[in-house]
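A, B and C are the chain letters, set down in written order, and residue numbers restart from 1 in every chain.
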Amino acid sequence: MAAETSSVSPAPRFSLIRQLRESPHAQGLALISPTLIYLLFTLVLPLLLVVVLSFMTRGPYGNIIYRVNLGNYTRLMDTLYLRILGYSLLTAALTTIGTILIGYPLAYYIARTPPRQRSVYLFLILVPFWTNFIIRIYAWIMILRTEGLLNSFLLKIGFIQAPLDILYTPTAVLIGMVYEFLPFMVLPLYTSLEKIEPAQLEAAADLGARPFMAFLRVTLPLSLPGMIAGSILVFIPAMGMFVVPDLMGGAKTILVGNLIRNQFLTARDWPFGAAASMLLLILTLIFTLFYTRRAGFGEELLV
Amino acid sequence: MSEKKPAIWLRIYALLAYAYIYFPILILIIFSFNTQKINVRWEGFTLQWYKVLFNDQNVILATRNTLIIAFTSTIISTVIGTLAALALQRYRFPGYGAAESLLYVPVIIPEVVMGISLLAFFASIGLTLGLGTITLSHIAFNIPFVTLVVRARLHGFDKSIEEAAMDLGANELTTFWRVTLPTIMPGVLSGALLAFTLSLDDYVITYFTAGPGSTTLPLRIFSMVRFAVTPEVNALSTLWVLTVFIVLLIGQIAQRSQSPQQTR
Amino acid sequence: MKTFRIAAVFVILAMLIAACGGGQKPAVKSTELNLYAWSEYIPQAMLDNFTAETGIKVNYDTYSSNEELQAKLQAGASGYDVIVPSDYMITILKKQNLLEKLDLSQIPNIKNIDERFRKLEYDPGNEYTVPYQWGTSCLVVDTSKVTRPITKWADLWDPEFAGKVVLLDDVREVLGMVLAVLGYDKNSTDPAQLEEAKAKLSELMANVKLFDSDNPKQALLAGEVWLGQTWNGEASIAHSENEAIQYIFPEEGCTIWFDNLAIPKGAPHIDAALTFINYVLDAKNSILITKEFPYSNPNKAALELLKTEDPALYEAYMSFPATNPSDEDLKRTAPIKDIGEATALWDRIWTEVKGGE
């Protein structure tokens, strides 16, 4: 027993506590056990339940019959569902690209402003970021609808003769998604860009590189971790999105998220919905592994 | 980055980009004063919708619920998450890899999948959906985020202070309470803030785990946007944006006064 | 590890509190009522008056279709006390044993209900339900935008209306409508007919701007759509804001439905539920429904009261076909029926049409 000089608390008698004090393994486990127990009940068990559900059969009225069947998965292989899945991936990809296109120059600008002013610009990005996203989507509904602001304006200046059909189309969904996810791309990109040393750019200039080449060869590659972090934050949630297609797509555009939600709430085919969820989850894991292998779970995610 | 001021086209772009970001919000705010009920064309100025909003019992109930859930889940997830961060950052134990992976699953998992899994789980154990189930769900997705943030803070932590304290006679507990915790407190608070925000804003998971009388503000806003859209939802939105603005402003000022300009 | 112990206590305590937050089962009179009903259907004024008079707080959650209601109840322990299912859903819920029997001695106001609605097929004798409102789901047309007369569902397929049609987000309503257009029974379970209907509906998709069961009048009033399928109550409200919006009973026929108040099995506040149901059936409360959501009111006493209290509204109610269809109109209506096992097939087709582009 180690000599105790402490007088703050008496030396523990119980061997368990003594074990805790002396074994770092035990201490570590003790600290992480609340998390593990909690997640066991709220994550592991529920997901296991979903896995089990995905192999069950649907009763005539949408109740669950406990009879194993692989039909849900084979049904998923049907072109219809693969098309929905493909469409979701495409939407997520387009959203990601959109946020990069719009967000990169903005992040670049912020990174280049003097540090004193930077916090103002960052602050201005954070305000919409923290505003409830449904509110922000609704704003776009007001702008994009047939008698909304965009159409009224364009009609007034004579740019168009008849109102544009934007709301309740896939275009509207994309606009909504890009707007919603933009801050998630700008912030990690900024973090990455901000770390680039001026010295590196100066060196490139000294070696005769024109600004654009310096950008292409130095800045862009160095900002890659930020882009990857941002892509994770955009692409993966975008894959499972159902709110934006719901509100801006007129309940016509079905993405994987809508499909799953419908199976659980109106079509009442929980086994099939569970199978679709499993598919989405697996895809998510694949993409995450793909992305993190490229850049590691870096600090760019922690803005 | 270079100290040279950015090119003119870049500044113009930034201006346009910010305009693009704020224009919809501006529209929301302006149209919260519209007299026309279906809020399609501007017809006149009025403050009536704010009055309607303040008398709207459903919104008041939703706000109350949202705050209760946010505070509760933040406190619990911050405690649990901080402990987990300490565990992961300072110790190695059997099952470390698995624990770390498990911890980050809620960050990666699509919200809809987590939502339905919780719904299925609560249904299977016969737990009535309500404030309780929502809170339990929020804690689940908050813990990993708190852990991430606190871990980042622990990264550069200089253990020598702790060793000094122990040399002076403090045991582990006292050291933790008197030395470690105060030092990592900014990180813990950041984590708590993040958890609070995530809980406040959550729609998808709450949607699947909510029950009678447990509507939250995001759910309520969604309903308001779906049915009988009136400028009242604009008024609510305006207040939300204003609150965020003020809170962030206070945060900025507090940060500025606390620490001198640091180069990040 | 004092910190750890404190934390552990916190966690356990919090979980206990949170878990207990769910359902209490008071042995005494309830002070709370959990209402689960269609959106845009229960006037807030009526709920506020109810709370003022009885002290019972009402939590009003909404659903957009009978199927959504069913899903919630099937998941078990929903916590709701009063629900408002439609006719065919009642048949299904009865079969699944998800409804409580009503103690009619607690609902004396049932005498206010028009005789015609007392012996309906899905619940003769009102063992489980009491009529709330009834109505139809037919054609609605904005005649200021559509100048030629529209008389049949088939008109919706006209290429002139590309992107100008609104349909209900309801599988039984929409697919049933398409079956009727093809000349089949709207409650068909024949897979071949359903496949045909699926193809026909897919053709219509180019014209459909959106599916909306919650607030179809919004799209009409905002000029997003020109015509479509909607609930009679929505049409009435739209008409009152814009007289050009008309309600038409199409040649192929449309749906007649009856919504009812019912108590799900295992409801935590049955006493409050019965009080509420009785309250709703009181004439002076019932007219609040007609004032705000003008569907067709089966409450004879309420209509009598309306005649004297608000003659203008009564006139409007009686003269508009959405609220007061003539016998001729009613001949063109048919109810939705429970189709048993075929439900799965209908649900599947719905997913396929919506996801198929």
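Following the convention adopted for this analysis, a residue touches a chain if its C-beta (ideal position, glycine included) is under 8 Å from a C-beta of that chain, and two chains touch if they have at least 3 such contacts.
Owing to the predicted nature of the structure, the values given are computational and were not obtained by experimental measurement.
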| item | value |
| --- | --- |
| Residual chain groupings, excluding chain B and keeping positions | one piece |
| Between the pairs B-C and A-B, the one where more C-beta pairs touch | A-B |
| Euclidean distance of C-alpha centroids - chain B vs chain C, Å | 36 |
| Mean-CA-position distance for chain B and chain A (Å) | 15 |
| Touching two or more other chains - residue numbers and ranges from chain B | 40, 79-80, 83, 119, 136, 172-173, 226 |
| Touching two or more other chains - residue numbers and ranges from chain A | 27, 30-31, 34, 38, 145, 147, 264 |
| Chain C: positions in contact with at least two other chains | 1, 4, 7, 11, 222-223 |
| Chain C contact footprint on chain B (complex, rising order) | 38, 40, 57-58, 61, 72, 75-76, 79-80, 83, 119, 123, 126-133, 135-136, 172-173, 176-177, 211-213, 215, 223, 226-229 |
| Touching residues on chain A, where the partner in the complex is chain C | 17, 20, 27, 30-31, 34, 38, 58, 60-63, 80-81, 83-84, 145-147, 165, 167-168, 250-252, 254, 259, 262-269 |
| Chain A-facing residues of chain B, complex | 1-6, 10-11, 13-14, 17-18, 20-25, 27-28, 31, 39-41, 79-81, 83-84, 86-88, 90-96, 99, 102-106, 108-114, 116-121, 124, 136-137, 139-140, 143, 147-149, 152, 169-174, 197, 201, 203-204, 208, 217-218, 221-222, 225-226, 233, 236-237, 240-241, 244-245, 248-249, 252, 256, 261, 263-264 |
| Chain B-facing residues of chain C, complex | 1-4, 7, 10-11, 14-15, 17-23, 32, 34-36, 39-40, 44, 48, 59-62, 75-80, 214-215, 218, 221-223, 241 |
| Complex contact set, residues of chain C against chain A | 1, 4, 7-8, 11, 65, 67-68, 70-71, 74, 92, 95-96, 163, 169, 171, 205, 208-212, 222-224, 340-341, 343-344, 347-348, 350-352, 354-357 |
